[in-house]
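Report on one structure; see the data block that follows.
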Amino acid sequence: MMHRLALLRPHPVLMAILTGLVFGALLLLLSGQNPLRAYAEMVRGALAPRNWNNTLVWAVPMIGMTLVAALPLRGGMVNLGGDGQLVIGGFVAAMAAIYLPLPGPLLAAVAILSAMLAAGLYAALAALGQTVLGIPMLISSLLLSYPAIGLTSWAAGFPLRDTATGLAQTLPVPEAARLPMLFGPVSTGVVLMALVAAVVVWADRRSVPGYELRMRGLNARFARYGGVPTARQTVTVMFLSGALAGLTGAIIVLGTHYRFINGALVSPGYTWSGLMAALLAGGEPLMAIAAGFFFAALQTGGFAMQREIQVPRVLSMVLQAIIILFVSLRNGRGAARKEDRS
Amino acid sequence: KTLIFLSASPVSVNDFLQLGANGAEKVAKETGMDYKIYESSDPTVKLQNLEAAAEEADIVVAITYEYDEILPAVAAKHPDVQFLAVDSCPAESGANVHCAVFREYEANFLAGAEAALTSETGQVGAIGALDIPFIHRYTDAFLAGAKYAVPDIRTAPSLWIGGNNPFADPAKGQQRGTIMASGGTDRILAAASGSNGGIYRALGDFPGAAAFGVDINQCPQAPGLVMDNVEKMTDVAVENGVRGILSGDQPKVVTLGLAEGGMTLTSLKPGITDSGCLFEEHPDVIEKVAAIRDKVISGEVVVADPMAQ
Amino acid sequence: MSPILLAALAGSLCGRVGIFNIALEGQILVGAFASIAGSFYTGSALLGVLSGILVTALFSLILALGTTRFRGDSIVISVGMNLLASGLTAYLLRVLFDTAGTFSSPEIAEVKRIVIRAINTTPWIGWIFSRQTPITWAAWILTILVTLVMFRMPLGLRMRGVGQNPEAARTLGVNVERLQLWTVVAAGALTGLAGAQLSLGTVGIFAEDMSAGRGWIAVVAVMLARNHPAWAAFVCLVFAMADTASVQLQAQGLPNQLTDAVPYVITLAALVMGSLRNRKRRQAALA
Amino acid sequence: MQWELETTGLTKRYGRLVANDAVDLRVAAGEVHAVMGENGAGKSTLMSMLYGLTRPDEGAILLRGQQVRLASSLDAIARGLGMVHQAFKLFEDLTVWENVVYGAEPRRFGFLDRRSACTRVQELAQRHHLAVDVRARVRDLSVGIRQRVEILKALYRDARILILDEPTAVLTPQERDGLFAIIRALRADGRTILFVTHKLHEVMELTDSVTVLRQGRVSARMRTAETDADAIIRAMTGRSVNLSVARSPATPGAEILRVEALRVPAPVRGAKPLVDDISLSLRAGEIVGIAGVAGNGQSELIEAITGLRAAEGRIHLNGQEISGRSVAARRAAGMAYVPEDRALTGTAAGARATEALLMGRQHDPAFARHGVQDGAAIAAHARDLIQAHDIRITSERTRVGTLSGGNLQKVVLARELDFDAPLLIAEQPTRGVDVGAIEAIHARLVAERDRGHGVLLVSAELSEILGLSDRILVIYEGRLIAELPGAEATEQHLGLLMAGRTQEVAR
């Protein structure tokens, strides 16, 4: 009955977006700006052919971190440690690319894989904290972020610093390990991420592990009853989630910055935006990717808006937040998740 | 013609960015150019903004080291646009890239000397936002200057703000300031940008203690608590740079220190009266500091660049 | 540490009535902003603190109504609120005060600190007891008060019941949603006070994102203390000592990037040790 | 005549479903009044309207002739109504006295007056012969004692009219007799009791008058002394029902399941193990019933056997040792399991029928190759099961959360029977299922046995255990305390055993 009602409701997400835009317009009016002009700049800044590349560059890590959050969420788990996993991925990718004596494309591949492995293992630590020690994953994943950020930032600032610059950053990654450019600032990272996203969507719908994870998200007890090894699943899913974060970090390092720069992976807030996109979609990967893309466009548009008419781009943050809030109020989602949290 | 000022973070976050923006605006007005600011807050957007600026402007001013990586490539793609990198210089770059960089350590050295000469407890220290090489140009040079002026001065180990928000966590600044002052340090260099305010508040509880501000004259912000400021004249650097580019005689790299007037202490600026700073009570000390400055300028005293170590 | 303590009290109140509040970070930020703005416009520290409390209480209505009336998920709402707080304060900073980054002004009246002359400059003791604002002392009194209310007052009994079994509370005539709503709003007032202490009490400055993770530490404290206010206060105390110790470590020459992580690592270690102790117990529960 | 409690034309609709249709209830002061009816007849709905939990769409409630509006249970409590719910509503982590005074606490200077609260609850309990330790935590109490706490809650609020919704469903016959004594004492005290039950003999034994509901309407109103069981059944169902299953004697074959010294430790240190050294054996072609009052370890025993709960001891299934193995491995070794709670364990409300019916066989090569699901095969399988078991559902893509309880149970049964496993564990297979469906499920279980499968049946329903089991094991406080042949067991005998009174049985 409840479900039927939910299906009948007219596009709750669309309504939420509209409400967010209305609120944003009020804020703009409050500060003496023309909302239509601001929104027009935003749309142009995100979607005009000239700016399309920018959105794409932003969307790649954004979607990466969305999947990082969506994967566990699909099974009713929450990974709050995306930041830590992201920096570990980025750092390991940089280290491997700089210090491993491997030729060309192999170097990039090894760098990416080792980033995924390291970040995945780190995330699995939080999962083991839950399955072995009973520390809620919500908290252990969050806490584990801090030492990861601290350690990598120290390493980039001291022992492994590029002394040619005054910054806390590592040496540049050799040319050979860099992801080839496709067009403009868009690297082959886009292709990589698109492939990974497609695999996640497919696995969610068609694979047995995807089925098991979905059922667990709907009712963890039911999944256990049906023979799904939920403890092992927790560890596996967190490993994969972390590995995706590692991939994201590697793509940023090997495709955009060409070195590990202290703070550069965390400061854009991909992790939190991604978590929100995933929550917005209730963990459903395709919807989450769409939401992630939407947020990427919103944020890129926000930057352009600030550039063109000096409207603070934090406005796009406010828009995002309001959309999230309205979607969550309208859907009353998350009933399935309460199971795991207790 | 169009001048675009590029900042890697919102200009009002940091006083020397604001100063640079002021300089850019001033010189644009003087020379009749259109003027725009592009602010970013993130490495990816920084690149987008740089490219958008290169498309649109005739002269692009990019401030801080954060553009070192990306400037050369973008400049190469836009050979008719002139670029001025302020505060840092890309390693290899084309002819259309000019640099104006600072020797911050020189002025910090003087501030340290002034601190040592005015200290009552005989102990000085420095608080930086982050433990990164660039900020050691402030903290280490400050301590070196103190040792130079008063060889038996005690120096407290430097403290760092750190955390999630090192450049804007005044509460942590307050805590660090209190801890350092409680340890008997009464002259403290506050090299932590937005967290500085907290350091000043902390010193309010310790009669006789004073801080050294950075980038601009911060004395009015905390009356009676700031001795002097290490000023970084980014406005001068921008104005002169842009003029030089327009007239076509701007050298590839300009370094600005005490000699060029690019770095100074508030107390050493000519015609300062209403600074609100504590140094005004120590004219004798300022005289000594001015003497040290002259020695630095003449090369008699060589200040080491902590970043070069 | 008093901002963290106040936020942890707020978190344990919410937890007791069955609402998991991870919006503390954003609430502190809103409180910090509102009290600075209030103080700036009225010229009175007291009014500044009050406006911080009031505005944050209003802000927490999002969580209060969202989880009760609209049956939303508290995690999603909280994450949205954190983002909203960060964006909105930064936006208003530009609109109202025409600045970004930090805002300070001579017109901001600060909360006066209570200086105890005798110990003012004594290491440790002086740092801890002297130069504290009335808000800090209030925070400790509130800790006692909240604990008393929770375990010695009818209201606290009702709150605990609502968190455990809302259905049962409802059949006994307790208006569950209303109690939850007011608890979350009261918790919002506490976080508003936390924000006021952070901005008006400590420095008289507002800086973007100046909550800087303190709300998350409070969340961790609440989880460690299982919603017990006194235990949460104890965790906060340990955390604050770890934090102060980490500054001492800096002075020993350890880089701040490493010392920053010390409090979290200590917390993690405490969690691991605690659960190793309880491990046997749990093994009997669902495998 | 002035009725103590009266409703006129009371109506409650849930969408198109009319749960209560113009119900006229008339209860005299100082009587025990039974309300009867099949599952879903509307009994609980009526009671929750009387207690202010649900608001009627039409009609009126009159107390001693006065019409009252009950906006919340607070109103009902204020007017002297008290209710003990079908599912207890207690705070497990709070003490007995805290549970009792909750919402009406004695105060001193604004603080909770714990001492006077304790003494008042203690006195109240003594006066009404409700033996209970007022300082104990509810989580440590047995079901029977919890019920006393519920009654205490109502009495503490000075309830003149006490509503008991299926209070005996979870009690042993002996606990039930204790409850009846309490009820009689309350009646002697001048209180009025509304008593909802499915059990005819209880009505005949205890009550003064009966109201029967059928499909939301009052189908009969009678004095207990002037009626008989048959008349009530006819009023309830419109026909006569025979619940006993016709079955031939068992022909037990090889051993299917052997459990040796199974132990599930307690969650808190020092407490008694939940399952204490249980050994049992089940053969092909027999139904073994496990009888016991809810909460005596039967759920934990089953969870330990199915692998949902860690346990010590050894379990052999089909000659294979399965202790310590995963749920999946145990299922693969030949185990099907109908869990006690179809909505919380047996299915997921958000799952489509295809998904719910696949669970447990997701790795079966018929449905997946190399981890890739065969959507067509899965859908076909679901359609087959839906048809074979006559599950009323729109399509195989419908989410099972929209099904009624009986149909949801069919989904679980269909899936588990389809495993064709030599061992079927059926836990409370007919709980909350209506009479027609019960007949069908019982027939299925017997058919399983006759096909040579072993059935382990857990039920709180004595009639079900007695009617189906070839052998009966009695569980009490985590131990098996008796085994008896199904043919010889009587309800009285079993009841004593379930209460742990082995000596009295021996005598």
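Note that the chains are named A, B, C and D in the order they appear, and that numbering of residues resets to 1 at the start of each chain.
Throughout what follows, a residue touches a chain if its C-beta (ideal position, glycine included) is under 8 Å from a C-beta of that chain, and two chains touch if they have at least 3 such contacts.
Chain labels with UniProt names: A, C = ABC transporter permease; D = ATP-binding cassette domain-containing protein.
Only a predicted model underlies this, so the values are computations on that prediction, with no experimental measurement involved.
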Of C-D and A-B, pair with higher C-beta contact tally: C-D
Distance from the mean Cα position of chain C (ABC transporter permease) to that of chain B, given in whole angstrom: 35
Inter-centroid spacing, chain D versus chain B (mean Cα positions, whole Å): 76
Centroid distance [mean C-alpha coordinates] between chain D and chain C (ABC transporter permease), Å: 44
Residues of chain C (ABC transporter permease) touching at least two other chains: 100, 255, 257, 260, 282, 286
Chain D, residues touching no fewer than two other chains: 308
Where chain B touches two or more other chains at once, by residue number: 130-131
Arrangement of touching chains [line / ring / star / complete / other]: other
Touching pairs among all chains present in the structure: A-B, A-C, A-D, B-C, C-D
Contacting residues of chain D [partner chain C (ABC transporter permease), same complex]: 51, 53, 72-74, 77, 83, 85, 89-94, 98, 101-105, 107, 110-112, 153, 264-269, 274, 307-310
Touch list for chain B against partner chain A (ABC transporter permease), complex: 36-45, 47-49, 51-52, 65, 68-69, 88, 91, 130-134, 137, 307
Interface residues, chain A (ABC transporter permease) side, partner chain D - complex: 1-4, 206-209, 211-212, 214-215, 218-219, 221-229, 336
Contact set on chain B toward chain C (ABC transporter permease) in their complex: 9-14, 130-131, 156-165, 167-176, 178-179, 182-183, 194-195, 197-198, 201, 205-206, 221
Residues on chain C (ABC transporter permease) engaged by chain D in the complex (per definition of touch): 148, 152-154, 156-158, 160-161, 164-165, 167-175, 280-287
